[in-house]
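Shared between the two complexes below is chain A, which has chain B as its partner in the first and chain C in the second.
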Partner chain A sequence: MLNFIVRRLFHAIPVLLGVSLIVFFGMHVIPGDVAQMILGDKATPQTLAHLREQLGLNQSILVQYWEFISHAVIGDFGTSLRTQNPVWQDIWIAFPVTVQLSILSLLVALAVGIPIGVRAAVKQNGWFDNLAMVGVLVGISMPVFWIGLILMMLVGVRWDLLPISGLLSDGLALRRITGMTVVDSLLTHNMEAFWDTGRHLVLSTLTLATIPTAVIARITRMAMLDVLQQDYIRTAWAKGLRYYPITYYHALKNALIPVVTVTGLQFGALLGGAILTETVFGLPGLGRLAVNSILYRDYPEVQGIVMMSSAVFVLVNLVVDVLYAVVDPRIRLDREIEA
Partner chain B sequence: MSETRAAGRETERHLVLKRLLGSANGRLGLFITLLVILFALAGPSLTSYDPIQQSMMDGLQAPSAAHWFGTDEFGRDILSRMLYGTRVALQVGIIADGISLVIGVLLGLVAGYFDGWLGTLIMRLMDVLLAFPYLLLAMMIVAILGPGLRNAMIAIGVVYIPQYTRLVRGSVLATRELEYVVAAEISGASHWRIMTRHILRNCYSPIIVQASLTFGSAIVQTAGLGFLGLGAQPPAPEWGAMLSTGRSFILQAPWICTFPGLGILVSVIGFNLLGDGLRDALDPKS
Partner chain C sequence: MTRNRILSTLAVLPVALTLSIGLHGPAARAAAPFVIAISADNTGLDPMTVMNNESGFVMAAIYNCLVEYKPGSTEVGPGLADTWEVSKDGLTYTFHLHPGVKFHDGTPCNADAIVAWLDRQLNKSNPNYYANKPGVDSYVDFTFHGVDSYKKVDDRTVRIHMTKPNAEFLNSLAMVWTGVTSPAAVAKWGPDYYKHPVGTGPFKFVEWGPNDHVTLEANTAFWRGKPKLDKLIYRVIPESAVRVMELTKGTVDVLADVSPADSKILMENKNVHMLAEPGLMVNGVALPTNTKPFNDVRVRQALNYAVDKESLNKYLYKGLATTMNSPLPPTQWGYDKTQPGYPYNPEKAKQLLAEAGYPNGFNATLYVYPNPRGYNPVGGATLGQAIQADLKKVGVNLTLQQLEWGAYLAKVRTREFSDMCLTGWSGDNGDPDNFVGALWESSQIPSGNMAHYSNPAFDALVAKAVAEPNYKTRLALYKETQKMLMNDAPWIFVNYATNLRASSTKVHGMVLNPTSMFFDMDKVSKD
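Showing the complex of A and B:
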């Protein structure tokens, strides 16, 4: 098992090196003077020279790449041109917001998507199945930013049930420990903040959960249809077991493997969705940070955000790979024989 | 000989169309797709309002007989902007999906056919592209090229390349050892001829299905970039950008945000249905 994890980790290194090449050279193929592009036409020669110095643009490109990658491995991406903070610090503040939103949405998607998929498969072609499949189609095709706006318009504005932006109401203070408001409020036993941030997160979580819920429901249904036809399920029915143990214990256990795969693959899409969701609901996460830095042409920050997110994404895929082995002993066995 | 072959192809096409129209989903998908194309082509003649021209007197009007979908903050007719937006969406789909299709298929063909170091190199490059979260990669490309509809389409096009490459490489690997390919090789056909005339022909079905599904995704993603302010810039009648500006008027004029989103949703549903329908029609086995 450990062998397998180590091997996958080594496989991730060239991929991340490739990512760093694209991120670094991408910013350097821009025709013209980067410093001029960042500062605009009104820049004086002095400020231009200063910025070039700050970005290290006077050195040869290979030296620059070496500087970039050797600092990047320890998480140092230089200073943000926009906020004047170290890039890692801006990311450090924004990242937990995105992680919290993504995890909550994924939990909602699993909690809603799996039962829908199971029920749809068990009653294949029944009214529930048909309704669920229409829902799945609409969910998969949904522009996240639009469903966010619609929820905001109806639930937040028209019915005035939930707050529509931010993470905490004004006047509420919360000590920062992890940066994830839900976790921090629990850690500090601040129940008022817990309920408040919970209410703030409902709409954004539902928005971001739309697509993964649909995808998970669809894949669960497909996997269950496959599993339910197998002999051991017929045996389980024949020996008189009931509906719940059969579907949720015997069948779902084997149907979960593709669900784990797809959930892992969803993570990349989830991050994209998070960027849009954060923009709709004004959440100070990584997505907002990325959009602002791009509009400001804050290259060090863009590089830092893209590198960081890709590293996390690669890591998540690795965890998913390991999870397979946990969920499905057959895979583990195969791989060990292979190794 | 060639006549029978042409006739065979004709019947096969006929059969696929029949199967596609035989399923309710396929029919609906095809119907929506044709509707989108129709609106894109005939849009300008269906409305008398200019999509860009401002008319401040008519600002923020609710839907009425004169303006079915209401007007935006500059008094522009939403319906007319929607119709022109269909044109933009279709163009986005064709260009973005076209970029990923052409480059992705070509790379996939080469990677599968020359399965040595060249193939490995291409596939490693695809691994790297897939290591970026989709939208973030697109945003980075836009950051490099600069915001705007054209660059957004290029960015989304690049993002979807690996999907085609993986798909085509897989099919090529499965096909290239088949007897008829070996026969073509022995009879002295060039690599290019074998790749395009013998192998590629056998990969058409999955490519067509992928193209239809990617078409929808490309429209949503490009609209997403527009919404973030990185795609089409105002006053262009692009659905994502329309939502972005309409956001500020969500209290007074909810209709500005409602209709462009519906436009995206319905057309993407159409392309997804068409893709699923085509998959069933082209490959009845699965």
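Showing the complex of A and C:
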């Protein structure tokens, strides 16, 4: 197992190197001069020349890439042009917000998606199945910002039940430990902040959960349909077992592999794809940071964020592969490598 | 069947749980703070190292300047200096400081503090020189160009000397970017000062949650009297629709930026008060005055007559823009409201074109940018199409060329550029020179002066006005420059976009400053 993990980590190196090439050269082929873009219409020829000099834009692109990659190896992505902070620091502040939102959404998605998928499979082509699959289609197709705005308008403004944006009410103080407000409020025994941040997170969590819920429900249904046709399930029914032990104990366990795969992929997608949700709900996460940086042409920050997100994606995939073995003891990771 | 019901219940449970957390949490809290919604985060709160509005919005409540804008205007009045004198030659400025002013950290704001603040901006060997970091955005060169010395005369008097007169200086000193910083705090925090701002203003800095909020609290010892609000929070809400919802809900008191698309909804809301006035900005089309046929003034005037500005304002800008009749906006001191401008008159345009030898018009290219700008909220492409349609009616056929903003600037800001291009400007310091000088002086070719307008008589007039220390004389000179520019028509003068701000009707004492900054926040209160 350890052997497997180490080897997989080594495999990540060429992946990240490839990402670094794409992001670096991508930033440099977009039309327009970076310095001009940053300084805008107030630029004078002197300030332009000065900024180009400071950013090293006068050097050849290969030298610039070498500068970038040799520092990036030790986690130094330089200083953000927009916030003036070291890039790692901005990411360090924004990332926990995204992680918290993604985990909460994924939990909701699993808790809702799996039971829906199971039930839909058991009663294939019944009314619940049809309804659920239409719901899944709607869930996948609806634009996230639209759901978010509708929820805000109804629950937040019309019924005035919940706050609509931000992480905490204005003026409420919370000491930062992990940067995840739910965790921090529990760690500091600040129950007021716990309830407050909980209320703030409801709408954004539900919004971000729509797509993964739909995907998980669909995959669970598919995998369950497969398993439910197997002989041992028929045997289970024949020997008089009830619905619950058959579906959840015997069948679901064997249907989990594709669910785990999809969940891992969805988690990676959530980390990178919370951009819209974070923007709509005004959450200070990584997605927002990325958008701001791109708009400002803050390329050290963009490079840092993309590299970071890619690394996390690779890690999540590794965790998923390890989970296979946990979920299904028949899978032996060391052997898989040899195959 | 019952089992199935249990399962369905299970499926609904997590949703119900999340909702119930929401519904049963304690709602009552301490007195609500005053919240201003802004669309993007600030990038630092050290006035000399930033140039964006979001930083300015916050800093206006933290800092004072040597001289300050009179409420709601671009005219300069007393600030940290009660009085000041300018020498007859316009080279020496003497400022007399208000007695007993202290920074939030207790440091006295005396002549030593002012000199330390100047030194950080002008002395490259100062250990905390503002530009020690790469990529610093700054107005320092803009404000202090020409200053060669500064010294303390006595504890309450500072003298600044310059090599050539620059009458714009006082207006520049009133900008939020020239807020006076505490020398003790600068020494304490060094390059990290921008995260720990200390000024003399009505509000003290408390904390900054990146991309989320900045919290300020009242400076009860504020030298102009205790502010009426206890706590001031600037909250970042990127989505304009969400900002409107927050204001409707009452969780936000003021919207710093109102997108034109939302203005109708807000104006119809009886709990919302809209502040609107022509912005400190101009929007138009630069004509290549050194290229045929635009080198003929009659052609340039014809194009001005040919564009139906009133209809543009009404239909394209939804009433949120007013027609330009002067190169200065109405909120700029020195603006001459008697200028007639160019009322829509296609017949006169055709006649002028015929006189210039183009009875059947001509073909030309108009470069446009795609994005909305502060001075052009509908975006360049949309405006370009409208102008194209108007000019077609007088026989001038335009081909539109659209470039992405960065590429656009790089293209149009060269000496070789010889086509028409959309352009505009947002004022920096509320001085007339910041419009007429920055946009049409021949020394500004090709950066600000994209029309390549070069008129020695005009240059001389601008140079005279900016060297003139007397306010009244300057007024007369700028009246002259406005007349000359309108007649020479280096641009198609289009419109002034409306500066919009929305607040809850519970808010009192808010005044919209032409520079958009939140000055005089000590006078603001809330029911």
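Methods note: the second predicted complex is superposed on the first by the 313 of 339 C-alpha atoms of A that agree within 3 Å, B and C clash if a C-alpha of one lies under 4 Å from a C-alpha of the other, contacts with A are read in each partner's own complex, and residues count from 1 in each chain.
We adopt the following convention: a contact is a pair of C-beta atoms (placed from the backbone, for glycine too) under 8 Å apart; a residue touches a chain by one contact, two chains touch by 3 or more.
Note that the structure is a prediction, hence the values are computed from the model and not measured.
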Partner chain(s) touched by A:G26 [first = chain B, second = chain C, both, neither]: first
Which of chain B and chain C A:L107 touches, first, second, both or neither: second
Which superposed partner A:I216 touches (first chain B, second chain C, both, neither): neither
Touching partner for A:R297 - first (chain B), second (chain C), both, neither: both
Contacts of A:I275 with chain B and chain C, given as first, second, both or neither: first
Larger contact residue set on chain A - chain B or chain C: C
Touching partner for A:D196 - first (chain B), second (chain C), both, neither: second
First (chain B), second (chain C), both or neither touched by A:P163: second
Partner chain(s) touched by A:T83 [first = chain B, second = chain C, both, neither]: second
Touching partner for A:W146 - first (chain B), second (chain C), both, neither: first
Intersection of chain A interface sets (partners chain B, chain C): 30, 145, 149, 152-153, 157, 279-280, 291, 297
Chain A contact footprint on chain C (complex, rising order): 3-4, 7-8, 10-11, 13-15, 18-19, 21-26, 29-30, 32-33, 35, 40-41, 43-44, 49, 51, 133-137, 141, 194, 209-213, 215, 231, 233, 235-239, 241-242, 245-246, 248-249, 251, 403-410, 424-425, 428, 447
Chain A contact footprint on chain B (complex, rising order): 124-125, 127-137, 139-144, 147, 216, 220-221, 223-224, 227-230, 240, 243, 246-247, 250-251, 254, 257-258, 260-261, 264-265, 268-269, 272-273
Residue numbers on chain A that touch chain C, as the complex places them: 30-34, 36-47, 51, 54-55, 79, 81-84, 90, 93-94, 107-108, 111-112, 115-116, 118-119, 145, 149, 152-153, 156-157, 160-167, 169-172, 192, 195-196, 198-199, 202, 205-206, 242-244, 279-285, 288-289, 291-292, 297
Chain A residues within the chain B interface of the complex: 14-16, 18-19, 21-23, 26-27, 29-30, 137-138, 140-147, 149-150, 152-153, 157, 267-269, 271-273, 275-276, 279-280, 290-291, 294-295, 297, 299, 302, 305-306, 309-310, 313-314
